[in-house]
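Next come two complexes, and both contain subunit A; in the first it sits with subunit B, in the second with subunit C.
== the complex of A and B ==
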């Protein structure tokens, strides 16, 4: 048992996976359990950065940089602005919705068990993506040849969403 | 190796689901939704390397996913700020104007 475990950890990839996944789960659990809102956002930033590490392990370097830039950078700052714009007192609410919380916990754990059993049952082929050195270049070429219409549609959608966000959040002056 | 990535994504998704349904602060609910979207991205990228017929398409799909998540977070924060200006609350249980 212990020898198996040490054998498992002596592989560098497994060790990195264990470290990053621990950081991801610890950040997510702290997001649920911490008291102050800003601390929750910091815990979530830990999760996002560790996920970027996992993406590097999965040969997705470009996605890792996008993750750090957009999630750990932009999203965290946006959420902190949202917290500053609104007022938050320290959350020390008494459990008013006890039944709701118990049902939610049971449902979540049941859902996780279903997912876990499905993952264990599934058979995946031992077939690995042979990544070449120029992953980012290949993504760019695919994005501008085969996927160019979804790409343009997404850019239009993003513009419309941001203009709409500015209009919604603008102070109404009559 | 892929089943460990999928299990990690399932754990993340369930934690995000629990938080999104149990928290009362609207900002934290938005953060938990981002956590769930990240779990889905991890699945897509894991399948892009280890799945059946692995290719770069999974990474491109998760790029689109990240874009949509950014748009969703921006609109969510904007609605939250507008609501706070009108009702002075960030508590999701008090956001029930449509029920009255």
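== the complex of A and C ==
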């Protein structure tokens, strides 16, 4: 058991994986537990940027840097909204209920056991994967040939949502 | 061993960048002084050469203050979040054909992705100080950097289309053989948009609204002093370095000589020459132009630069398709 762990951790790539996945999980947990909006946004940013780290480890650089590009901007916007539209002071915590906590504990232990057993029994089919140097180009070609209709539909949908948001905001202004 | 070597190279780059920042500030004050018929710094050392060193020393030994009502943790974190991406983006910049730290195949995307993280740091610094002026400065800064990042990224799409690659090394390679092959000629619209948007991203005059001292005291870093303030300033000047290098690479042919018979001069000299002239250009417009008004700033970004950049992409695509 312990030897397995040492074997696993002596590989530099695995170590990086552990660090990044820990950061992803820690960021997500903090996001739920923190009290102030700006702190939550920072926790969320940790999660998203560490996810980009995981993508880099999977040889998906394009996806990783697009992830950072999109979410770094999104985080900033979210933070601005958080600052402008929420109260500046810390919110009072709700009184804790004992029964609630016990149920939570039982639920999470149960969930852990189910997941643990499922993962233990699962068989992961291993495929030979060759990383492609030109994966950015490949994504582009796939996106604009085979998937072009869904791609264009999504962009139309986003444009509609965008214009709709502007119209709603304008109407409130008048 | 290889890891140690990389760390040493990174440390060397840090020293180079710090040297650049020190003398860029000196040079900036001298150039602006010269334009405004003043002498500029001339007391510390010969010709005032040690003025910036003295300034930095003063910042480093200053008392480190954190306001009582500030959000302590974020106040300390903000300069780090701002500075680290500024330095990390330098990793993909190719100085000559083989003098580059990492030749990523998405180098250009890497640059834009990481540099957008700095905005979070600036906004955070403005918020964590718990001061209305710094919050306003941070908000302006975030609004400006996000609005101008869109035309900035759009304006280089033409260059990407011409070279067919996101790797900075390949982009420079496509511009070999004389200045008429450099991207700034076929992409003149993209080049102009890029320069305007880049100056705005750098928060420099005429787009230095986040630091408009006559309205906002100092901007997002009002409450910062000592070495934390120095970090914000350092990040700003490292971005000057990065943008100047990026402009050289994308539009001015990187390390290639302007005329083929000048090829005997090593590439790094050409790179430094082009790089320095862009840095000089940035100082020149700072001394020449007044500050733009905040509503003009937004309408320039969204109503002029963005449509122009889109048209530029469209026209470039059509021309490439016709002459393929």
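We adopt the following convention: the second predicted complex is superposed on the first by the 127 of 174 C-alpha atoms of A that agree within 3 Å, B and C clash if a C-alpha of one lies under 4 Å from a C-alpha of the other, contacts with A are read in each partner's own complex, and residues count from 1 in each chain.
Just so we're on the same page, a residue touches a chain if its C-beta (ideal position, glycine included) is under 8 Å from a C-beta of that chain, and two chains touch if they have at least 3 such contacts.
The shown structure was predicted, so the numbers you read here are calculated from the model rather than taken from an experiment.
Of the two partner chains placed by the overlay, only subunit B lies in contact with A:86; subunit C stays clear of it. After overlaying the two complexes on the shared chain, residue contacts for A:62 are found with subunit B and with subunit C alike. Contacts of A:77 after superposition: subunit C is touched, whereas subunit B is not reached.
In the superposed model, A:148 lies in contact with neither subunit B nor subunit C.
Set against each other, subunit B and subunit C touch different numbers of residues in subunit A, with B touching more.
With both structures placed on the common chain, the touch criterion links A:44 to subunit B but leaves subunit C unconnected.
Taken together, the two structures place residues 62, 66, 75, 79, 83 of subunit A in contact with subunit B in one case and with subunit C in the other. Against subunit A, the residues of subunit B that register as touching in their complex are 2-8, 10-19, 21-25, 27-28, 30-32, 34-35, 38, 41-42, 45-46, 48-52, 54-57, 59-60, 62-64, 66-75, 77-82, 84-85, 88, 90. Contacts from subunit A toward subunit C in the complex involve residues 36, 38-39, 42, 45, 49, 61-62, 65-66, 68-69, 72-73, 75-77, 79-80, 83, 133-134, 136. Put simply, subunit A touches subunit B in their complex at residues 17, 21, 24-25, 28-29, 31-32, 37, 40-41, 44, 47-48, 51, 54-55, 58-60, 62-63, 66-67, 70-71, 74-75, 78-79, 81-83, 85-88, 91, 93, 100-101, 104-105, 108-109, 111-112, 115-116, 119-120, 122, 124-125, 127-129, 131, 135, 138-139, 142-143, 147, 150, 154, 157-158, 161-162, 164-166, 168-169, 171.
Listed in rising order, the residues of subunit C touching subunit A in the complex are 71, 74, 77, 104-106, 109-110, 112-114, 116-117, 119-120, 123-124, 127-128, 135, 139, 142-143, 145-146, 149, 166.
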